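In the two assemblies presented below, chain A is common to both, partnered first by chain B and then by chain C.
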Partner chain A sequence: MGTAPEIANQRIVEALVSKLRRRQVVGSRQTAIETVLVLRQVISKARFSNIEHLIQIIKAVGRRLVQAQPKEHTVGNTVRKVLHHVREEYHAVSRAGPSSAQPPKSSFSISKFVSQGQPRKQNLTLPKSEARSTSLRENDPDDPDSFAKGLKPVLMEAIQDVLDELETVYDNVSKSARDHIHSDEIVLTIGHSKTVESFLKSASHYRNYTVIVAESAPSFGGHKMARSLSTAGISTFLVPDSSIYALMSRVNKCILGAHAILANGGMFAVTGSLLAVSAAQAHSTPVVVCAGQFKLTPLWNLYHEYGALDFADPSSVLGFEEGSLVDKVDVVNPYFDYVGPELINVYITNDGDHPPSSVYRLIKESYDDEDHEL
Partner chain B sequence: MPSAVVPLPEAAGQSSAPPGTLPAKSQKQMTKAERREMQERQRAAKAEKATQNQSKNSPKSSNKPAQTSKEGALAPRRASKAADLAPKGFQGAGGQSKDVKASGEDKSAHTRGLRIFSHFGLPKPTAHKGEVHPTIVRLGLQFSEFKITGANARCIATLTAFKTVIQDYVTPPNNTLSRHLMTYLSPQISYLVSARPMSVTMGNAIRQLKLDISGTDIDLPEQDAKDALCDKIDTYIRDRIIAADQVIEETAGNKIKDGDAILTYARSSVVEKVLLAAYADGKQFTVTVVDSRPMLEGKKLLEVLSFAGIQCTYLLLPAVGSVITEISMVLVGAHSLHSNGAVFSRAGTALVAMMAKQHLVPVVVCCETYKFSETVQLDSFTRNELAPVELFNSFPQNKQQDLSSLSDQPNLQILNPLYDLTPPSSITAVVTEVGVIPPSSISSIPLALGRTML
Partner chain C sequence: MPPKSFNVGKERLIDDEEEPLQAVILADSFNKRFKPLTTSKPRCLLPICNAPLLDWTFESLSLAGVQEIFVICRSHADLVRAAIRESKWSKPSSGLKIVPILTAKETFSPGDAMRDIYTRGLITTDFILVNGDLVSNVRIDEVVKVHRERRKTNKDAIMTMVVKESGAKHRTRSRGDSAVFVLDAESSECLHYEPVTGYPPKTQVGIPREILAEHPEVEIRNDLMDCSIDVCSVEVPSLFQDNFDWLDLRRDFVHGVLTSDLLMNTIHCYVVKEGYAARVKDTKSYDSISKDILARWTFPLVPDDNHPGGHAYEHLRGNRYIAKDNTVVLSRTCKIGNNTLIGSSTHVFDNAQVISSVLGQKCKIGVNTVIRNSYIFDGTTIGANCVVENSIIGAKVHIKDKSRIERGCLVADGVVVGPEAKLRPFERVSKRRDTEVGDDDEDEESEEEEETEGDDQEEDDEDDEDESEDEDDEDSDSELEEAEANQAAIGATLGEDTNAIAWPLKSTEGEDSDADEMETFDNQRLMRMGDSASDLELTDPGSITSSEVDSDSDEEDGFMVSRTRRASASATSLPLTTPSTELLVPPLASAMEKEFQSEVSQSLERAFAEGHSVDNAAVELKTLRMSTNVPLRRVREAVIAAIVEQIPIVEGNMAQQRKEIANVVDRWGELIDRIGGVDAVETVSILQTHCASSQRLPLFGQVLAALYQNDLVEEDDIREWHRQPASRGEGMKPGTFSENMEKCWAVGTRMIQQFDEQEESEESGEESEEGED
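This part shows the complex of A and B:
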């Protein structure tokens, strides 16, 4: 359309798109935070006269971002979460008023529970919107901006909520660390996950235990993890991936991080996780996954696609220093593993602990059905 | 560390006169087990005192090698003796660590974890006791630098070196070759063991050699006896290794069909021969080589196979989960087979076998019968070996890692176990020169060979 706010929007979005495409944004949480900031700017500058228009704008931005980096699922998740909050706030405000039909508390049928998300959450947002119970007029021909002006402050608050949740992810996940790790336990972890790192460090304030870190070739994230854990005073062993099965008979639990949690309860995690989890199952060792709720993805069919594994640079596996071997040999270097839900025992998220079988419910609560396809 | 000093008199008190049960017995009256316990406690107390003096200046990480090398010194020497002493030796180390644990509970609450791997033992610096033949010295150096790796290679190298030693040997007067040669060989063997813990193959071969030596006819002139021994060694290598490999090549080659996708892990000399022979036979198949740190042996196998013209794929161990669905058979080698059907092999084999079994891919282990060991191994902790960190710094050029700065961190220890145990449930079949057998029948290999002892 060419109006100034639209051009400004495009510039912000394009900046993030190119960062995503070049993989300059590293880490799911960082990506999520940047996405939220971009969406906040887009919404604050957007001009819309009814809710559908706003949702279309957000979805368009979301589609651009997801196309830039489809393997980075937190982008899509954050967009969906913002959309969910937008719809909630809108419903709350438009229902605000003495004659508001509150969801009848008396009839708790399962279908209502599942289709409306948790009633508890809606009640929370209600008081905020009731405070400013102006009646929103959609599509007002005299004052096209009144709807937007009325809704925007509420939306900004909702987005701030999302941002706050993202920024306190590590603290909230680590809250229950003390109950999960006991004295003199031996814990196995793979590669480098900031969530797991903060989980283990917070547990170390209360317990003395040992961590075995598998180095996860070829990214060798385990080296960073081992260094940071041992600096924090936790006694750490750094081992190559080949010894995971050998050491598993002494390991008390397996604590891993996730890249994305799929709707069926499975997850994408750094390569090597499938080996560790399978070995843990062979030894009946519990598997605990620490992840923020922003990693919950409503998509679940991804693991059938071989490409979902996001392949990385083959020269880390077989470099050019190997000479003539390089063009005779195929080298495979996937970055992620798909781990099925039957192999995981519990997900520790910033919103509590959940078994993989109830992940679908968390997704119903956090996102709206119509947003699954952006 | 005041807390650790206090319990020492306790430990000493325990050893001298535990009240009530044992009124002061002399050493002769105590049973062997009690004597051993007392020795262990005194040694633990001494070790504690020694480490206390060291720990004031040096960080814990250098403390650990001092302690682990001491305990590691116990482990290889005990492992080299006959199998019946091995459980007692392990118990001894376990008892020692338990005592130290009890005495330094609060200090070592977090170092207890570091101690559960202490029995793996890094090779300690070699000590010359008695004369060691220069060939053996060179061999020991090659072993400790990991220039010769692999069960077959090490066994052949050891036997060849012993042939030279035997030829150079001169029976001293008033001694018979059959009796004195064994005592002459003992320090050579312990030198090799101190360079690197002995493999099962070396153990079996040396046991056979000792049997042959003791069976030498006393009346034979010395040179004839020595020649006969060298002949026997040659026969052993030829029959149990070379010829066995040829039979395995054929048998396993029959299992490979056109269009197969074979997966192999690290580098096994037998599997290499099988694949090259099958390809030379004209079979069309592709090979996926899975490799892993610390030794990255798969690269050498990859070179050999691709220069022979076989189409290969190369990947690192963590990526196995993504390709296993395309694989039709997994071929691995072994370091040794155990009576309960378990296969002791390069670290990482257990993971590959487990993944393959989960996806219903047959796992075939190629192994000669001389690798059979009478002992039963339950998990990878009973017997294992740690590779020295400095030797295995191989990282690809674009991802250089700084292991030296990592190993200096307190609270951090880098472990490189070299072996692991694949349970019999993950294995489909073992191909030996006596046939293709399921893992549950491995204990009947001696029977199949027609003798009661290997």
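This part shows the complex of A and C:
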């Protein structure tokens, strides 16, 4: 029984696994959404008679996905988040069942944060709690499926919440853009982060300011970013990475994106971020990082102190056609920079602003401790 | 659930839109460059970076969205089939349908395999043709899309070859087996393909003049690496069926299609900008592709990311990859250099050094041992104080203490050498067979014991040992026997406890098969790992044509392609068959021309004897000319010579003789103008030259007259020829030849006199035969 549901869903899991391995799904938000979709399918098809079993199934799928692409931390984060929600709903149901009391007002509940952002959802939760009045019995020998049948609609709601959060993450991060960017400021950014892009665009509705985009070689995401911003009517400069330091004295603020935010408050971000942040440090320019909460990762910098999480192929640095050189030169093309917590001033998430020092608390609220190791 | 139905709908949509993409893997190398490593398993199952080559190939194909794969296996087919059955690719979740196909033992070349594919009728649509030793992350589906798009407008575009810009000296580009591509700059149609061997170095490439005439912009490229990924149309296997002598995909098929006058098919190239693709053709490319993988050129197909074997590796700084499952034991004092991969459960003991190497699983590297630029397969043990450099060591090998393995050695599976063995550079070592050679039955049995997996095949072989054994086994047997017989002569130091024999350093097979220039020993050396081949003369020997080329170079600047062989080599130029170089016959080509001439005379004889139509004969000549690539003048010479020789000599009877000449020229004279281009003046001078050196000298006048009668030669042409100083035999050495030339010229003079007389008075001339009308 234990593996049966897994087999049933193997195909869809394997499809995502191979996509992750082949890097056909890239970008932390895209990966997170794909993961949620797979988990929803897995849960909807899963047969389980008690909560432990369900959690085992989800963990097994999660483990498989994380192993497929350990460098894409959002996969693990999403699995943890779903587990957290599953437990929460389960506790709510099992407590609410007999007493039919309102769910306890846990002050740090993540669902509260989510619902704050989305008033629409709050309306939905009310009829839901009424429907729960029938109690759920685990391991019912007469009808082993009754537990699953009773819990599944609630779980689907919870997963839908996670999905909604992911889908609205840019809007929610951008809500406070007006408070961070002031008129006639010069803002420096690097690479092409969708979060930063929407953040800057949303600020441009209220303020008139200038953006300097570093092109972030060799991926040159900055080119795309600059084009997008200037079409939105923001005055934009595209500069090579080498001039970041020279320009820093005129910059009022650095706004960066993140790939993953680590438990110590550091982060992995696109190559060149460390360069920009160090320059900012030298000029005491504030560094602001925009990221959705799904990037919070309960891990430390596992790899190298001055490391890049991932190394791409060298062809964008040294062309393959440079035949005679290839043999003599080892080319390293790091994908990300590790930026330590001491270099960052504030994280702007879809759940308000936080200093790096309180990231650990956010992580504790978002995920259950027992899920840190999947 | 809404998302589910959405997904299902999407899948169905895709199914409706596209027919399933098929691929064919040729899982046999059809050569023996990896001997003796390939004695017990086929090349496609050799591991590269600890995953079998076949898995890399499957990964490349499934990346392209291929749904159905046919694996054509020949040698060790059972091993291949078992490997496929056990791999993750045959699970339903992989979304691949893999069909292993066992082809006949008589399949000796890719061409035979293609004919087999045709007879089995496997292919129903455009398909991808690759070899079982491909490592690629190229988006082949995009190539397929381009190919299909092209096919919609142009049904003759039968194939798209994937090539990659690499520069002439890239480590992954084979020096021994490369090619010059002539492409149309706009459509990237491949106009001409010229295979290039490394040794003897190819210095000239002939490009048919028509190409330059028909295409305004042409790219001649020697910097392309052939990825051996072909997107083929359904017609391709049937073309192989029609042309039963085509063996190689490139040298025969591509060359044949491009030079054929009859097939109107075209072949295109797709120059990939992004991605990596290369074939493990030989040990040298094995080395360089391993290095490319470790240096992450194949990203995301790298050991720590998407390892086809499913192993998990951790990527450390300096491109070191260590298996992730915490089973690797590295001594505190050992040294692991850059670009190194270490498989799980491997132990590296104190003070050992592993530099730029790949270690398989469950290997043991002894104290103070140095491993450099080497590839060591699973389960191998290397003792203390050994040195292994630039070599490939098979699986379950035991190299005992204080052994030395120099560059370029290949050590086959299961060998034990040492202690204190000293393998010389490029030594090839395999396990000795247990029984005496000569007794075939025992022999088979002993092999069976060794090869537990290959049982079925061996049993099959026992029925008719000598014939049905595939080439590999057969050759290895004969070679093995030879090697065993000559152990004393070979004189390798393999140590006391060895169970191995050394193979002859210089294999004889290269000399045997002189038909295949790719397989000569010297050329093979360029494909050997660790062989710098610095003693081979790779520069243009003496630059045969350089002086002549210099004089022509002014006009030719636009057509020069300089190719540098090595850093020190001088630039070599390739004169093209433009008019100015047409008269220039490089000594290299003279043999070819001689062959061509005999071919032409044979084919014309056949035409004369069997009474072909002039059209057919002309087509045949054209094809011949294309295939040997000789200038037009040579064809004309050959045709005229053949026609003149065709005329029977009738002694004493002028009228009869004239009739014979008229017969032949009436029937065949037209051919002279049908071989391409009309140049009557040249015709006359060739006729003169031929007659001057032939016993049909007296017929010159009559033949010329007959040509005149048939409007093949006009009066003006004769006058023009007559005016040329060369026609009078000027500038020639005095002798019978020049005398004869003069005689001919005198005949011409008489003829011209007659023309003049004719103009003056309409009376006909009396005494000369040719002026009758």
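Heads up, the rule we're going with is that the second predicted complex is superposed on the first by the 324 of 374 C-alpha atoms of A that agree within 3 Å, B and C clash if a C-alpha of one lies under 4 Å from a C-alpha of the other, contacts with A are read in each partner's own complex, and residues count from 1 in each chain.
One rule holds in what follows: contacts are C-beta pairs under 8 Å (C-beta built on N, C-alpha and C of every residue); 3 or more make two chains touch, one makes a residue touch a chain.
Remember, predicted model here, so these are calculated numbers, not experimental data.
Undergrad: Following the overlay on chain A, give me a clash-or-fit verdict for chain B and chain C.
TA: Fit.
Undergrad: Name the contact category of A:299: first (chain B only), second (chain C only), both, or neither.
TA: In the superposed model, A:299 contacts neither chain B nor chain C.
Undergrad: Classify the contacts of A:315 with the two partner chains as first (chain B alone), second (chain C alone), both, or neither.
TA: both
Undergrad: Figure out whether A:346 sits in contact with chain B (first) or chain C (second), or with both, or with neither.
TA: After superposition on chain A, A:346 lies in contact with neither partner.
Undergrad: For A:11, select first, second, both or neither according to whether it touches chain B, chain C, the two together, or no partner.
TA: After superposition on chain A, A:11 lies in contact with chain C alone.
Undergrad: Once both structures are overlaid, what angle do chain B and chain C make about chain A, taking C-alpha centres and a multiple of 10 degrees?
TA: About 70 degrees, rounded to the nearest 10.
Undergrad: Considering only the touch criterion stated at the top, classify A:22 as touching first (chain B), second (chain C), both, or neither.
TA: A:22: touches chain C, not chain B.
Undergrad: According to the stated criteria, A:184 is in contact with first (chain B), second (chain C), both, or neither; which is it?
TA: In the superposition, A:184 contacts chain B only.
Undergrad: According to the contact criterion defined above, which of chain B and chain C contacts more residues of chain A?
TA: Partner with more touched residues of chain A: B.
Undergrad: Identify the partner contact of A:40: answer first if only chain B is touched, second if only chain C is, both if each is, neither if none is.
TA: After superposing on A, A:40 lies in contact with chain C but is clear of chain B.
Undergrad: Check the residue A:247 against both partner chains and state whether it touches chain B (first), chain C (second), both, or neither.
TA: A:247: touches chain B, not chain C.
Undergrad: Is A:326 touching the first partner chain B, the second partner chain C, both, or neither of them?
TA: second
Undergrad: Rounded to whole Å, what minimum CA distance do you find between chain B and chain C in the overlaid structures?
TA: 5
Undergrad: Following superposition on chain A, which residues of chain A contact chain B and also contact chain C?
TA: Shared contact residues on chain A (touching chain B in one complex, chain C in the other): 313, 315, 319-322, 330-333.
Undergrad: Which chain B residues qualify as touching chain A in the complex?
TA: 109-114, 116-117, 292-294, 299, 302-303, 306, 311-323, 346-348, 350-351, 354-355, 358, 379-381, 384, 395-399, 401, 406, 409-417, 419-421
Undergrad: Quick check on the complex: what are the chain A residues that touch chain B?
TA: Chain A residues touching chain B: 183-184, 186, 208-210, 215-220, 223, 226-227, 229-231, 233-247, 249-250, 271-272, 274-275, 278-279, 282, 306, 309, 313, 315-322, 325, 328-334, 337-338.
Undergrad: Show me the residue ranges of chain A that touch chain C in the complex, using the header's touch definition.
TA: 10-11, 14-15, 18, 21-23, 37, 40-41, 44, 67, 69, 71, 304, 307, 311-315, 319-324, 326-327, 330-333
Undergrad: Using the touch definition up top, name the residues of chain C that touch chain A in the complex.
TA: Within the complex, chain C touches chain A at residues 1, 3-4, 62-63, 92-95, 164-173, 223, 274, 276, 288, 291-292, 295-300, 305-306, 312, 315, 317-319, 338-339, 567.
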